[in-house]
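Pasting the structures here.
Shared chain: subunit A. Partners: subunit B in the first complex, subunit C in the second.
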Partner chain A sequence: MKRLAEIRRIARAREASSTGLDPRAAILATLLYLICIISLGKYELAGGLAFLAFPLFALLAMDIPARPILGKLIFVSPFVLMIGLANPWLDTRPMLRVHSLTLSAGSISFLVIACKSTLSVTAVAILLELFPFQEICAGLRSLRLPEPFVTQILFAHRYLFLLVEEGQSLQKARDLKSFGRKGRDIRTTAALLGCLFIRTLDRSQRIHRSMLSRGFDGTFRLPAARTFTRRDGAFLFLSALLLAGFRAYFHFHASPSLP
Partner chain B sequence: MHMSDALLSPTVGFAFCAVSAALLGYSARKIRAESDESKIPLMGVLSAFVFAAQMINFSIPGTGSSGHLSGGLLLAVFLGPYRGFLAIASVLVIQCLFFADGGLMALGANIFNMGFWACFIVYPLLWRPWLEAGFSRPRLAFISILSAMIILLLGALGVVLETSFSGIADLPLSTFMMFMLPIHLGIALVEGAATLAIILFIRRTRPELLGILAEEGAGPSRLAYAKGAAVLLTMALFTGAVLSRFASTRPDGLEWSLAKTRAAKAAGKPVFSASPAATMPRIQRGRNPGRRTAYRVPEHPGCPELRDYTGLWARRWHWRSRSDWDSRFGTGAVNPRGRGLR
Partner chain C sequence: MSHHLVAAEHLRYRYPDGTLALDDVSFTIRHGEAVGIIGENGAGKSTLINHLNGYFLPETGRILIGHQAVDKRSRPEIRRRVGVVFQNPDDQIFLSKVYDDVAFGPRNLGLAEDKVAALVQSALELLSAWELRDRPSHNLSDGQKRAVAIAGVLAMEPDVLVMDEPTSNLDPRNRRYLIGFLNGFLHSKIIVSHDLDFIWETCARTLVLREGKLVADGRTKEILVEKALLESCGLELPLRLQGGT
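Up next is the complex of A and B:
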């Protein structure tokens, strides 16, 4: 539920983008950043920590609220951490000695996994904080993502709130009428979901009729893509340069890796 | 289960991004060629429906846990391969952007794992021919469960192989597989049963929405059986070939711990020290004296649901014994479990 409120907050907070940046430049910079992160070596803890500088800088420079991003980090996939948590047990060769504390190779690779997932979540969260979702989709469309796919994402995002709210009220009604686990069985729930499904199909027909009456021709009218200004180009070039510099440094001064 | 950026190497990530992008482009071209605009809102709203359905949990009988629909099979079945693929991909994009599931670079791998098998293999090669050849409830039940199993197990296998090829996690392939596949088998059974139940509900209430699923057909043709058998055989061979290559002969990790558990059991020793919960007295099931109805009391006294059973349910039994529940409230709609109490 908190997650839904969070999406809504993002949608409301950035009705119009305030950065003046082209979403395409931001999307490409984020992708470059992610490529740099996932290409870091398995034991490259220093590199992982160094790349923390980019989101920190963006948070401070662009006046992005840090609390919702920290909130998102708490939900960093437990699956990843669970899989990574096996590393310290499986790879116990000593690797790093800090004063009297010896860290094994497995512990370091686990820390790198945790670091990478934190960074990738933060990068995407910052991108979403900077632009309204529609502008991101407009950017994706002008980056040559297939038109039906972008329309589909926009539609799904728009109706998410409506249907999830309807689902919630159905669930609440069912829970009030059930006792403990009784009444929440698959049969009752399937009837509930079936009802919601049929209502959804009816809704899609209504939407289609009303769209046709407003002259829908198969494509969404998004805010016109901005012109890619010199400023956007400079932003993209500088970020690419910095990222490449950081990545190259950790390529040539890589942490020693064990055979 | 979503693949994550943190477990992915660039090579594997780029390869799957390329494959998924090609599939997306192909599907988008097919959809444009169809030019059926009425289905554009349908796809979008059904993707949103999947989010709503994922929030509604139901209890899974016999396990004490609860599950939810994940919706991939439902989208493929109702929208067909191309539209279904775009719909599943859009769900994954929104999950990745807003809910931090997976990651942008892992999106290609996730779209492939969750969309490809459902939309381009199971639906056109198994589900559709099988049901076009003849419809009956047992056939639908069989094909739903089987499809869910194939989709989810191959998806899980994808996550395991992508993680292993990336080499970021040290978990040995066989252990990881033993951990993932049984879990996904369970999830698949739940997914298949939930999809089946929803389709049957729609068939009962609005059969015109279902197209080929609505008519009771004649028996299946031999060709349909042959096709189904061929697809299954191919998949079995593929899975066998892939798995046997990585299967290890030495016990490791989980296998070792299982072996240890078995040895300890054979020696009659307790494997784990007893937790306080395990030493608590258990309430036995039994007949409630003075009433006709046998009822189950949860075996664990710490269970918070116990209150419901002893308080609210007892009161309901009282009403039932005076047999005025039905006359007061009617059955079915108000009483959530209808015949369960008789």
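Up next is the complex of A and C:
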């Protein structure tokens, strides 16, 4: 229930005027940020930590609540752990010494993976916090992203709600008829998931029918994108300049890598 | 515009599982008529509605909107002319902001944004829902959702308004409001409902379906008093005629 409320909170049409920014400028700035993060070297821990300044600034300057973003980070953390957890054991060469503590190259690369994923998720989460989902999609479309791709994103977002809603009502029905462990076993859960799939499919067909009856022809027509103002251009230019500066600094002052 | 606005001619439809849902159904609805369609569950009411805007195409027979037969080619035009409000507004409202949802249809018609804005405003105002325009669509009451779903259809300026179970989930006040709205709406209306009192108040004419067949077609105030007919179709007299039972 909490998760649905959380998704809904994000979906809530947040007034774009809270930032006054064109979503395209924010999308492009986020994209540049992601490129900078992803292109950091395998052992570039200092760079990763330095790039933390951008989301922190955005959170504080735009008064974005940190709790939902932390929730998302916790949600993705098991995947990050799975990717990098073995690194400290696979690569034991000593790399960084802080007083008496020696960090191996594997530990550093693990921390860099954790840092990169945290920053990437935070950046995208901030973007989603700042604009209604439709505005982001309208922005993506006007940035010439292929039409089927934008429509798919919109549908995925819409059908996510259905899946969660249907799942909740099924779970509620099961819980009301379950006593102790009876009714919550794996067989019932498997049947429940099958039922969930069919119900969601059913409901999506009803939605599709009502979309067709309102003239839907395969293209989601969103409100026209706003005019890209000088202010948006200035924001994008400054962001690009800062990001490029940070990235260049860590390119030329890269942490020593192992031979 | 033809005065024979909606016509079904020997309509027959069978579901892929073999169920015969509509069997030789014929009727003609003239411009401005308000027609109720009643029948027990599984009588074919929803199947009939799905034919009116071309979601289903008849196995045999045909549907005419104006003089235009509903077929694959005419479907886009038919869907503009026949607005269908489905039973569950949650299935119909799919954009996160009320304004954008109501604008969905007009935008699909390719109208300019200023024309879209005018249509959205007049549709929402007609339902006294203009103040909801910036609200998130999932945070509305059932009555408000129903109003937004109807506005979404009215914004396309249809010639015929079709409603499937419009009073389900409505409290008495919203139900009363809907009756007032429909009685002031002068285009053709086709209303499918189990709420026979609602049909009594909003529709001058009623069609009765039983097992896919049209078994009665006439004035509402003559049909809804026929206890034997209604009971043979799994229905009951409207509450107002049940004499305090």
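Following the convention adopted for this analysis, the second predicted complex is superposed on the first by the 195 of 259 C-alpha atoms of A that agree within 3 Å, B and C clash if a C-alpha of one lies under 4 Å from a C-alpha of the other, contacts with A are read in each partner's own complex, and residues count from 1 in each chain.
The working rule: a contact is a pair of C-beta atoms (placed from the backbone, for glycine too) under 8 Å apart; a residue touches a chain by one contact, two chains touch by 3 or more.
These numbers were taken from a predicted model, which means no experiment stands behind them.
By the touch criterion defined above, A:Pro132 reaches subunit C but does not reach subunit B.
After overlaying the two complexes on the shared chain, residue contacts for A:Arg203 are found with subunit B and with subunit C alike.
In the superposition on chain A, A:Leu32 makes contact with neither subunit B nor subunit C.
In the superposition on chain A, contact of A:Ala46 is made with neither subunit B nor subunit C. In the overlay built on the shared chain, the residue A:Ser120 is in contact with subunit B alone; subunit C does not reach it. Look at A:Leu59: by the touch rule set out above, it reaches neither subunit B nor subunit C.
By the touch criterion stated above, A:Val164 is placed in contact with subunit B alone, subunit C being left untouched.
In the superposition on chain A, contact of A:Arg214 is made with subunit C only, not with subunit B. Between subunit B and subunit C, more residues of subunit A are touched by B.
Residues 158, 203, 207, 211-212, 216-217 of subunit A are contacted both by subunit B in one complex and by subunit C in the other.
Those residues of subunit A that touch subunit C in the shared complex are 8, 11-13, 132-134, 158, 161, 203, 206-207, 209-217, 221-224. Residues of subunit C touching subunit A in their complex: 50, 53, 55, 76, 79-80, 82-84, 86, 88, 91-92, 94-97, 100, 103-105, 107-109, 113, 134, 136, 138-139, 152-153, 156.
Within the complex, the subunit A residues that touch subunit B are 3, 6-7, 10, 30-31, 34-35, 37-39, 42, 72-73, 75-77, 79-80, 83-84, 86-87, 90-91, 106, 109, 112-114, 116-117, 120-121, 123-125, 128, 146-149, 151-160, 162-164, 166-168, 170-171, 174, 177-198, 200-201, 203-205, 207-208, 211-212, 216-218. Listing the residues of subunit B that touch subunit A in their complex gives 1-2, 4-10, 13, 24-25, 27-29, 31-32, 35, 37-38, 40-49, 51-53, 55-61, 64, 66, 69, 86-87, 89-91, 93-94, 96-105, 163, 167-172, 176, 190, 193-194, 197-198, 200-202, 205-206, 209, 253, 305, 308-309, 312-313, 334, 336-337, 340.
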